[in-house]
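For reference, chains read A, B, C, D, E, F, G, H, I, J, K and L in written order, and residue numbers begin at 1 within each chain.
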């Protein structure tokens, strides 16, 4: 068995509807350019307030993905 | 352009239904007395358990609001 | 009035549907063997990603329960 | 049952005699102007030294109080 | 000489009289069911306020105990 | 000698020119409504970027002030 | 697929030879009474010094194990 | 309105003259290859000492930028 | 002398044999695509357990590298 | 007015009777060799357990003292 | 090549003019008695307020220095 | 039994071969000038990278030693 290596990036997703949707927005966007995503970890949950109500939730998260299968994936 | 000043207060909202509702409860209540709220940041998520089930969620959050337009708003 | 003593354990719940469901899963499971649960506190929110989407949410939480009424409940 | 909202303020109490007395000094002073106080949490314990001895203890604490019953209590 | 293994549990003690008494309450209660306790570490100091005064102190602490001499003591 | 009590509030100052000016902006604004300020502590330093350059610095800070001499100053 | 639940306990392993051996000592001891261990996380690395040299390393770690298959495993 | 996604990278800027100049150096350098930068947050401030004086300040900071408008910008 | 700028990325290395080997695995893999690496900092040490033994160590670390000499290296 | 410089050292005091006495023990001992002590800050409160009771409290604290008046006091 | 050893001390510098000057004040003072200083790290930035304005900035910092060349330099 | 007092200093050891050797290097060097060392605690593990490989490990640690038996040992 070989030794695995992962890279962790930090992304911020936002959503008007809820925390889970903000997480999904970030992962969906990331899937356009990052492959082999394996896990996420919420770093911070915040949001903007407009007119005395939550305008959108904003979730900062770390996303880990495998770099085993690609030569280019550690290119920062 | 002038230099902005904000004040940050800490509030705790609770809800029987979910985390987002606890956030909304705190902001809705705050809107009775605080104007110009701009953002919130979740500090802690906890809750009470009764009869082996979640009785309510309890979210501690910081709320930032602008003090530019008011003379009294930094009154602690 | 007597002085209360509580014990705090750490559990991880997971759910495919959302953060609140992951919390409920952990408390429901814990209720099989722990009595007198009183509160929980979220320590970490993370999750697994499969096929570019959230496969399940995973919430690490502390759960506090009263040990007043039982002789055996501090048995680690 | 309604959803509760609390506000958390930060106060510093000091005492020449001990940590508990510094906590009590802050709560006693706060009771002049804050109603419905429910809990406190110690944030930092420090003190001043004079003539090679503790001159006074200084305890920074968060104090939570209910804002359910008052229109004005979230006024920052 | 053999290599020692310890287990650390988290308990919350409370007392109407002071922080040290809250610590003692937790250790006294734990001694009913945990053997070979060796050390404690305060994690959080908080308390409840009733009628504008401290109703009781509440100290969350880690308690470490040796598991060398027992077969059952790592049973969670 | 009496036992002193302080209150700590959190403010955010901003400036286009530098970190010290952001601190001064917050304290200057606070001085309109808060009396007896004694110390500040920087909690976070951040800023906004526009057109590939720092648009303004934003310093979050705690500000402590004495409540000894006033009846109203612990009014949250 | 069902929703998984894990329990996390804290153990301290020690070794005269190195950090990895202290980790192994704790896991080996835990295996006597805990089943289905899945992961560990190092919380603190420390040690004792005797005669100006490291007497033993001491690693505090969290250990997570699955409670799916057992009725009794959340018994604290 | 669409849901925004940002990416956060960590950079270290240094300067012989001061903290603000170290921040500007990092942002100026980043502007060569990163577009749509929106905010920064200081993570750590340190520096090197040579001949009993500050040789240069070194500021570690997070920089957030929008990935809405580009297909390639989440490429890690 | 010019002002230096560095970029910091987060990687996770794993190894069946030990912590140092997990660190080396991550740096070796990163060297395929990142140039001018200068330092690393361990963020977290954890691992997987299989059959009551450590299956592999997993070290999360920050890696800093210089971006002075390259036009493309801040490309995230 | 001149610019003040302080040095901060870390000491651990212990006492069989309570937390305040552990603080006083450390300051009393430090006064034998350190002059111009000005403040302390509690970093950690722990203790040893013997025979199911607190054997002694152990308080780790930072102690700050002025180095203005002495040539030798920054000698580490 | 030999293995290097450093010692880290904590100092507080203050200045009426700014943060960088507070850092320089501490390093300048330390240079009277500490040799081979290599780096500093800011731990906390605070200050005193008098007459509604910053009276002086106060920067707590760690300072690292090499102990390779001296027999006495680890003398605490 | 008397009340013990300890002093804690911070040292950084480095080694080309591994983490444990870096710890030993720091303790060995410290033993030249510090007596009665009792424990250490790892604060940070980092290292330098040269030519795409670990050049040396660098471990920052706190070292505690007893000051009971010496008049001079709290001399900072």
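Going forward, a contact is a pair of C-beta atoms (placed from the backbone, for glycine too) under 8 Å apart; a residue touches a chain by one contact, two chains touch by 3 or more.
Since this is a predicted model, take the numbers as computed values, not measurements.
Asks: What chains, if any, are shared contacts of chain A and chain L?
Replies: Common contact partners of chain A and chain L, which must touch each of the two, are I.
Asks: Show me the overlap between the contact partners of chain G and those of chain I.
Replies: Chains that touch both chain G and chain I, as defined above, are L.
Asks: Would you mind telling me which chain pair, D-J or A-I, is linked by more contacting C-beta pairs?
Replies: Between the two chain pairs, A-I has more contacting C-beta pairs.
Asks: Of the pairs D-J, B-D or G-I, which one shares over half of its contact pairs with C-E?
Replies: B-D
Asks: Farthest from chain B in C-alpha centre terms, which chain would that be?
Replies: Max centre-to-centre separation from chain B belongs to L.
Asks: Just give me the whole-number Å value for how far the CA centre of chain A lies from that of chain G.
Replies: 30
Asks: How big is the gap, in whole Å, between where the Cα atoms of chain E centre and where those of chain I centre?
Replies: Chain E and chain I have C-alpha centres separated by 39 Å.
Asks: As a quick test, compute the distance in whole Å between the mean CA positions of chain C and chain G.
Replies: About 20 Å, centre to centre.
Asks: Calculate how many whole Å lie between the centre of chain B and the centre of chain C, each centre taken as the average of the chain's C-alpha atoms.
Replies: About 25 Å, centre to centre.
Asks: Please set out, as single numbers or ranges, the residues of chain C touching at least two other chains.
Replies: 7, 9-10, 19, 73-76
Asks: What are the touching chain pairs in this one?
Replies: The set of touching chain pairs is A-B, A-C, A-H, A-I, B-C, B-D, B-F, C-E, C-G, D-E, D-F, D-J, E-G, E-J, F-H, F-K, G-I, G-L, H-I, H-K, I-L, J-K, J-L, K-L.
Asks: Can you list the residues on chain J that touch chain E in the complex?
Replies: Against chain E, the touching part of chain J is residues 18-19, 44-49, 52-54, 57.
Asks: Where on chain I does chain A make contact in their complex?
Replies: Per the stated touch rule, the residues are 7, 9-16, 21-22, 25-26, 29-30, 32-34, 56, 60, 65, 73-76.
Asks: Flag every residue of chain F that touches chain D in the complex, lowest number first.
Replies: 1, 3-10, 62, 64, 67, 71-76
Asks: In the complex formed with chain G, which residues of chain L make contact?
Replies: The contact residues of chain L facing chain G are 19-20, 23-24, 27-28, 31, 37-42, 63.
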